[in-house]
Amino acid sequence: MAYYGSPMLVDDLIFKPKHSLIDQSLHSTMGATTTNGDGFGIGWYGEGPEPAIYKNVSPAWNDANLHEIARQVRTPLLFAHIRAATGTAVQRSNCHPFRWGRWLWMHNGMINGFHEMKRDLMLQVEPSIFADMEGSTDSEMLFFLALSFGLTDDPIRAVERAVGLVEKVASDHGIPHPVQMTVATANGESVWAFRYSSEGKSRSLFFSTDVTRLRELYPDNPVLLNAGDETRLVVSEPLGDLPGAWNEVPESSAGIVRPGVDELIPFRPVA
Amino acid sequence: MAYYGSPMLVDDLIFKPKHSLIDQSLHSTMGATTTNGDGFGIGWYGEGPEPAIYKNVSPAWNDANLHEIARQVRTPLLFAHIRAATGTAVQRSNCHPFRWGRWLWMHNGMINGFHEMKRDLMLQVEPSIFADMEGSTDSEMLFFLALSFGLTDDPIRAVERAVGLVEKVASDHGIPHPVQMTVATANGESVWAFRYSSEGKSRSLFFSTDVTRLRELYPDNPVLLNAGDETRLVVSEPLGDLPGAWNEVPESSAGIVRPGVDELIPFRPVA
Amino acid sequence: MAYYGSPMLVDDLIFKPKHSLIDQSLHSTMGATTTNGDGFGIGWYGEGPEPAIYKNVSPAWNDANLHEIARQVRTPLLFAHIRAATGTAVQRSNCHPFRWGRWLWMHNGMINGFHEMKRDLMLQVEPSIFADMEGSTDSEMLFFLALSFGLTDDPIRAVERAVGLVEKVASDHGIPHPVQMTVATANGESVWAFRYSSEGKSRSLFFSTDVTRLRELYPDNPVLLNAGDETRLVVSEPLGDLPGAWNEVPESSAGIVRPGVDELIPFRPVA
Amino acid sequence: MAYYGSPMLVDDLIFKPKHSLIDQSLHSTMGATTTNGDGFGIGWYGEGPEPAIYKNVSPAWNDANLHEIARQVRTPLLFAHIRAATGTAVQRSNCHPFRWGRWLWMHNGMINGFHEMKRDLMLQVEPSIFADMEGSTDSEMLFFLALSFGLTDDPIRAVERAVGLVEKVASDHGIPHPVQMTVATANGESVWAFRYSSEGKSRSLFFSTDVTRLRELYPDNPVLLNAGDETRLVVSEPLGDLPGAWNEVPESSAGIVRPGVDELIPFRPVA
């Protein structure tokens, strides 16, 4: 889940029950994934130039410290992720979101054949950032490949090249349909979201309708009255019960959430 | 899950896939409860007079050390428990099984109104063992009440008195249907199992059919050939796919698994 | 360590290296206790009516999340505690500070003979708050005894009665010198600190010199220029290298840190 | 600490107090490093072809499960390691001993400039085992370099080549004195121990005197009477108080502990 908008208490975004578009939807998100007990993480922009991260290997619903922190932290840009491990160790360094400088990154999905391709992919990571990889997941590798291909300058192009590389290496290894992903990344000012799979059967991704439009639909909803015009949520599942609130990101697309007009464009891996 | 029989590798009892009555059923057990991520524990009789316990707050399926230990430990009497917390902290001291001297105890269910009754119940714990309580759960309290009422001398009578006390205190507080339980306890030579609820709607409990009888039903099953005659499993759910392998413990019953003839008798709380 | 003053980043109080009276002293504190690896905790007043707590059983210096949070949280009133366990389980519910409503409590020291006296002490805890005790330590018990004796109305009197009770019960059990303590408690507006031991040989406790006086001594110190006039630190050890910065709390004393004039008075247990 | 000899209860090797050469010395070992709270691990040969490992990030002295397991596991070959991290994450996959097939590996010391050299070293790891690296430490890297250079065939030669490579790469990077190490590795039948540093100032390493010789020195010591003739301990510090019990491994040496005559030979890195 990615939140971008007026500063909100994390508790209101990920724990508080019902009575608001956001809470409700997020709570449903959490509920839908409570069997994902392989760690969780939140990342947010607050004090200082770099985003903060709080990650843990215990199930989110059991983490008493998370409840405490969620009631103390306000942020205009929050990433929250619940992990279902796909073969790599359950350890903090493998939990999402990942951070590099001002950038956050989280990924749902997997790289098929990752164990087999790991060395070849690793060799494409820019040497100057090579040793900054802390964990052992395919998700972090994808992040560092994107960084190596210029994520901080042109995020969409960089992810297209990273995914293109993975598909190329997979092809060399005879591995079919290597990439399955929804990805979100941010630099504190904008959020980029991606939906793509080599097979063309990507897991779902949704973004919330423009708040000004939602206010017209639901003039009495107090949450919508308080939400800033720029408020946008990106989530894995069509949540909440307000018709018109959610829009599916099409297959092979990239979206940009930022001050001003957001954008949705095709995503085409570059080999 | 309680296992009593010829010494088995814990791995064969709780992790190994299919191909045997026991593994299969146990694996299913684990599978049926994988959303119970609030800690787990195993207890077994091995070296030394006291049983050993291994308990952890992380989900069982993520505990790499558990996999290691399961492949090293052989035991004729194993308790395994996966916890779904009902309001008390997720910490090792609240995980089952609990141990006192040679005794193990585990409980599925809950004491309704426990928070309200806690002090009154605690006052009934024998002062000499009072400070041995390490956690904060209703399950451990029930164990210590049973110990206070003579568990080590007459287990069934002691549990009847412990449950009777809880029902009495609940009645004083105006709390309906306070007890919901399946309980297993052992001293290294026998296992006692209980199924009871104040309301008369207890969660299920099953015990495995006598092995000599099962061998007649399934003369080609290699696991049954190797299993000792005394082998008995007590589980929460009717598992595996061998017709005739499982028998439901009736409502308000206590069973004794021990060398020689096992027994099943009515369970009647004593106020 | 207790901090009271102008809002500070927790990082500046417990992690940042040297270059300031506060950081330096606190860093020394942390250094002096790095062998205390039995958990740690911080408690602070921030958003909402209740203080927040972050506690963990891992050593503080290894907790990556603590570093993250410390760089995000600003507070005018911080408690920080590193635990050296004295016989009870290493679990989050046994870490300091403890919280009840708006109150925080932390304790260094121990109740000798606690295991033996536990039941008798527990019986004196007010029934309405009895079930709120979450852990198994002597420190939390002392907190709940103080709460039972009116901590929220008259903190010093309540602690005097709690300590008096412990000494009374110890006497009944023939246990000599039961209490060894430095305690700090707060309600968000004031901090109370106590130094006492039954034997008259209490562990040390120090409070920082009035900031206006320190500025006269060190007119060039930038930290002192920025620190608010009400800033006060209470620590276990005489830290930092500014002569005149620290004052020992005398044996059997209680101190009050609050807006306006602080106070230091004799502490006399009441049986 | 590495133990090789007649099967012993792990508890007797790493926890039991005094009264025996072994316990005493090991207990001292543990005591000498209790400030090393960055995880610990044990590895042992027991059931099945591969050694078992139990590793955890919490301090060893707080791990209740370790105490349980130590009282249940008997082994003729035990590795025990307490970690003091040198810059990489405190996570299970970074704890020692490391395992690959039948091999265990543990390391005290560090590779200076590891962050800088990491990529170059990683490229020398045999592609077929590349993805088996689970953590991020210099210690595990050294293990996989040694495996890549033939550890399973000629352990001493392989470690000489691995260390030689590190020194070569360090030289290319202008990093002085890159290697500081005592290393132990085993395959279940023999133990190899190494003491080496590029600077020629290695941390200490000791091995126990031949048991038949020790029995002559201490004819009344019951532990020595029970210890098998092949019993040998390798430890970091000269422990215990039996004069003649410990012998320092010389600078730049490798030792082999195995059935029959042990051996001590010079260790010379091969570039």
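A, B, C and D are the chain letters, set down in written order, and residue numbers restart from 1 in every chain.
Just so it is clear, a residue touches a chain if its C-beta (ideal position, glycine included) is under 8 Å from a C-beta of that chain, and two chains touch if they have at least 3 such contacts.
This one's a predicted model, so the numbers in the text were calculated from it and none came from an experiment.
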| item | value |
| --- | --- |
| Mutual neighbours - chains that touch chain A and chain D alike | B, C |
| Chain pair, B-D or C-D, that carries the greater number of C-beta contacts | B-D |
| Self-contact between copies chain A and chain B, residue sets same or different by half | same |
| Whole-Å separation of chain centres (CA-atom averages), chain C against chain D | 42 |
| Of all residues in chain C, the ones touching two or more other chains | 64, 89, 92 |
| Contact graph of the chains (line, ring, star, complete, other) | complete |
| Contacting residues of chain D [partner chain B, same complex] | 9, 46-48, 52-56, 64-65, 68-69, 71-74, 92 |
| Sites on chain B touched by chain A in the complex | 34-35, 37-38, 57-59, 61-62, 64, 85, 89-90 |
| Residues of chain A touching chain D in the complex | 89, 91-93, 115-116, 118-119, 122-123, 127, 130-131, 133-136 |
